[in-house]
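There are structures below to look over.
Common to both upcoming complexes is chain A, partnered first by chain B, then by chain C.
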Partner chain A sequence: MQVLQQKAKELLESGKVQVVIGYGEGTGERVRPLFVRTAEEVSKLVWDDRCRQNLAVYLNKPEIKKMGMPALIATPVVVHTVIQLIAEHQLKVDGVLTLVVENGSVKELFDTTSLEAYAESHPVIFPPFVKQEIKTIAEMSLHERFKFWQDEFSRCIKCYACRSACPLCYCERCITDNNQPQWISSASHAQGNFEWHVNRAMHLAGRCIQCGSCTIACPVGIPIGLLTIEASRIVGTEFGQQPGLKCDAVPAMSSFKVEDTETFIK
Partner chain B sequence: MSIQNKVVTHENLLNFLGEIIASGKELYAPQRKGLKTYFHPLNDVQTIVFDYIQTTLSPKSLLFPKVERLLSYTRDGKQIHVTDSSEQKQAPDRILFGSRPCDAAGLQTVTEFFRRDNPDAFIQRRQNALTIISVSCTKSNEYCFCTSVGISPGDTTGSDILLTPIENARYFVEAVTEKGSLLLAQYEKYFEKSEAITKEPHLVKVTKTFSSTEISERLTGSFDNPIWKDASLRCIGCGTCAYACPVCSCFDIQDEGTNKKGDRLRCWDSCGFSLFTLHTSGHNPRSTQSERWRQRVMHKFSYMPEQSGMLGCVGCGRCSMSCPADMNLKEQLLEIAAKVEDV
Partner chain C sequence: MENTFEPKIVAFVCNWCTYAGADLTGTSRIKYATNVRIVRFPCTGRIDYNLLLKAFAQGADGVIVSGCHPNDCHYTSGNFHARRRWIVFRQMMEYMGFDMSRVKFSWVSAAEGAKWADIVNTTVQEIRDLGPSKEYAEMSRLGVV
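Entry: the complex of A and B
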């Protein structure tokens, strides 16, 4: 923690960055996002197992962008997020200084090579309970699986915390907020909830970096991340592409080649 | 109206609730799903959970559901037929068990809100058919602040019956309204008469940390205070706070259908969404998250008291507890109490 505070202090004092996006103490046992802008505030930075919210979500927030060059305190999955955002042209390589803590020291990831090397050596690892959930759902029959999601979605209140917490859900105007035409029902009835979650999963297929922020954010406990994790697994199998590893990757589901043999897209 | 005082054992309470179900009424009580607790209709009283502080979502949806049909239409040539859903639907007889005093106070505010100007037939009908049996609080957490907004862990406001857990697995029973008395009279055999019991020693102590009147006064004129910008930096702009809130009553009207048939729906809406105030022209009077966060606090603690004399908050703490970014309303209010000066 001290090395992180020290690094933040150096970066702010040298003017290399204007804001350090990290975690601070929150309510009770919680941590919360913290935006450190002066060297005096660095002592508020914390770093431990509780730091799970994907802070890359703030990189595109107008208020944060206005502050100037950001340093982002990152867990491995956040590094994957930064790479994916670069690949999707939402972030420039030199638009963020990514900080990772390793073996008691802080490393700066500042270019394509350092980001990609770190991501390559730090694959996304699911906690055991997520592995179990994936396995349980995979073993269900189609009917059981449908029933499972029907039950889960029945609790959805369309607060869109899943969307807001997701760093890859950066559309300025989400499909569900469009009403001319109204692609997706904005009502939180059974059909509206299905339409929303299935569309979101499809839109994140092959792009979801599997951070689990959507699931953590869901106030009614829907394991919503399992859908996008599965969608990304399928894209991985079919197209041989994992998100969050290459800054120049072309996302499989949002691109096409003229020489593609499939006719449905033409 | 005189309040009748009674006591009931835990066992007889379950028998009483069981009979309510057997009589064909819908019983909503706290149920556990994973780590979350919800008010859900149930068939077996043994599944009711008692070890919760606040349920995950408030019981607001029993009056004001997340989505409901207001009307439906069909078109046949030039003939358009509109059906008013308020004339069609009968509200089922419902019993809500296990609401906290803050929840019951919230339901009262929602009822009042929808009674203003044009009384809302949907909400009124549900309210008339709803009997609220609340349970006083013997536990609280760091998110609770009911006493700072004029409510208390043993408050009877909004409840028809209030149960306060006392020694030997029993509850002190207060019939607060006529509706409550009638229900108790119907199942008299389960309740024993009692002298008035002082509830205080059995209740959790929630320290009053600020004065809501003072907050309201301080908010007047603090529209341009820089406090909002800093406080809302971490807000991610979802609607969790508003949807978890027992009081928030903003809604959006959605038309769904084709030119042959369709429905007009009323859906929950939240001032945290960027779409909330977006005009057709493209202009948004609350274009930033800080303006939306300010609106949330202002509406509850300044505009509502000014317009209707009611606060828009019952201090349950759900907004803060469920916030993915740990936005904490109590903390914000304390900061306002300490810092905000008229500008």
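Entry: the complex of A and C
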């Protein structure tokens, strides 16, 4: 924590960055995102196991862009996010200074080589309960799975917190905001909920870097991450592409190979 | 008891291959099941998976998606993009418990009139055995639609 605060102070005082995006104390026992703009405020920065929310989501917000050059305090999965955003041309490589904490000191990742090297040495590892849930769902029958997801979606209130928290949901006009024609109903009923989650999973296929922010953000506790993780797993297995590893990767769902194979097209 | 259920099938087809192929089926006077409503698209690459969901939401019991064979796309690569999309969509839907055996995919060229008739007849028979589509009926019942 001290090293981070010290690094933030240096960066702000030297003028290298105008804002340090990190975590600060929130309500109750939680942390919240913090945007430090002066050297005096760096003491508010915290760094512990509670810091899981993906802060890269703020990199694309116009209010944050206006603040100037950002430094981003990154967990390993946030580094994957930065790489994926660069690959999708939403971020310039020199548009953010990524800070990672390693062995008690702060390291700056500032170019493709350092970002990719860090991402490669820090692959996404799921906690045991996530692996177990994925296994349980895979072992259910089709009908059981339908019932499981309908039960989960019955609580969905269409708040779109999952969309707001996801750094890869950066579309300024989301398909679900379209009402001429309305593709997905915005009412909080079974049919519209189902279609919303199908669309979200499909739009994140091969792009979801599995940070879990959507699941953290959901106010009614739907395991949304399980859907987007599955979508990315399908893309990884079928087309051999993992998101968040290479800054020059071509998006899997926007490209194709002539040799793609399937068994279901007659 | 005889199964008298007549399924409603919506077919999303590409203009240049399958639609022309279906036309050939007709001009060749090949008789085939009448349960299909054909919707014409310029290319399978244009077919959004939301349209398939809308078909089921509007009461379809089965869906056929058909286009040009790989390397024969009128727009060069539309069917390649579509193929990737379907590979992911099918598995995603099965993961969420939607019965994808109600959706049939095929490559039917403009010369394959007999194949089109075969695809339709097989699909209609399979959907007739599966019965009316259940997922959207269930969802409509669960919430206010």
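For this structure, a couple of remarks:
Methods note: the second predicted complex is superposed on the first by the 255 of 266 C-alpha atoms of A that agree within 3 Å, B and C clash if a C-alpha of one lies under 4 Å from a C-alpha of the other, contacts with A are read in each partner's own complex, and residues count from 1 in each chain.
Throughout what follows, a residue touches a chain if its C-beta (ideal position, glycine included) is under 8 Å from a C-beta of that chain, and two chains touch if they have at least 3 such contacts.
Being a predicted model, the structure only gives us computed values, none of them experimental.
Superimposing the complexes on chain A yields a three-chain arrangement in which chain B and chain C fit side by side. In the superposition on chain A, contact of A:Thr27 is made with chain B only, not with chain C.
Judged by the touch definition given at the top, the superposed model places A:Glu63 against chain B, while chain C stays out of reach. After the superposition on chain A, the angle chain B-chain A-chain C between C-alpha centres rounds to 90°, nearest 10. When both complexes are overlaid on chain A, the residue A:Val258 reaches chain C alone and has no touch with chain B. Applying the stated contact rule after C-alpha superposition, one finds that A:Ala187 touches each of chain B and chain C.
After overlaying the two complexes on the shared chain, residue contacts for A:Glu230 are found with chain C alone; chain B is out of touch. Least inter-chain distance for chain B and chain C in the combined superposition, rounded to the nearest angstrom, is 6, based on C-alpha atoms.
Comparing the two interfaces of chain A, the one with chain B and the one with chain C have residues 187-189, 192 in common. Considering their complex, residues 49-50, 53, 57, 70-71, 77, 80-81, 83-99, 104-107, 119, 135-136, 138-140, 142-145 of chain C touch chain A. Considering their complex, residues 33-36, 38, 56-57, 66-67, 141-143, 229, 232-234, 236-240, 242-244, 252, 254, 256, 265, 267-268, 270, 273, 275, 288-290, 320, 322, 324-326, 328, 331 of chain B touch chain A.
Across the complex, chain B is touched by residues 26-28, 30-35, 53, 57-58, 61-64, 155, 157-161, 163-165, 177, 182, 185-189, 192, 213, 216-217, 219-221 of chain A. Chain contact summary for the complex, chain A toward chain C: residues 137, 142-150, 154, 183-184, 187-195, 197-199, 201-202, 205-206, 227, 230-231, 234-235, 238-239, 252-253, 255-258, 260, 262, 264-266.
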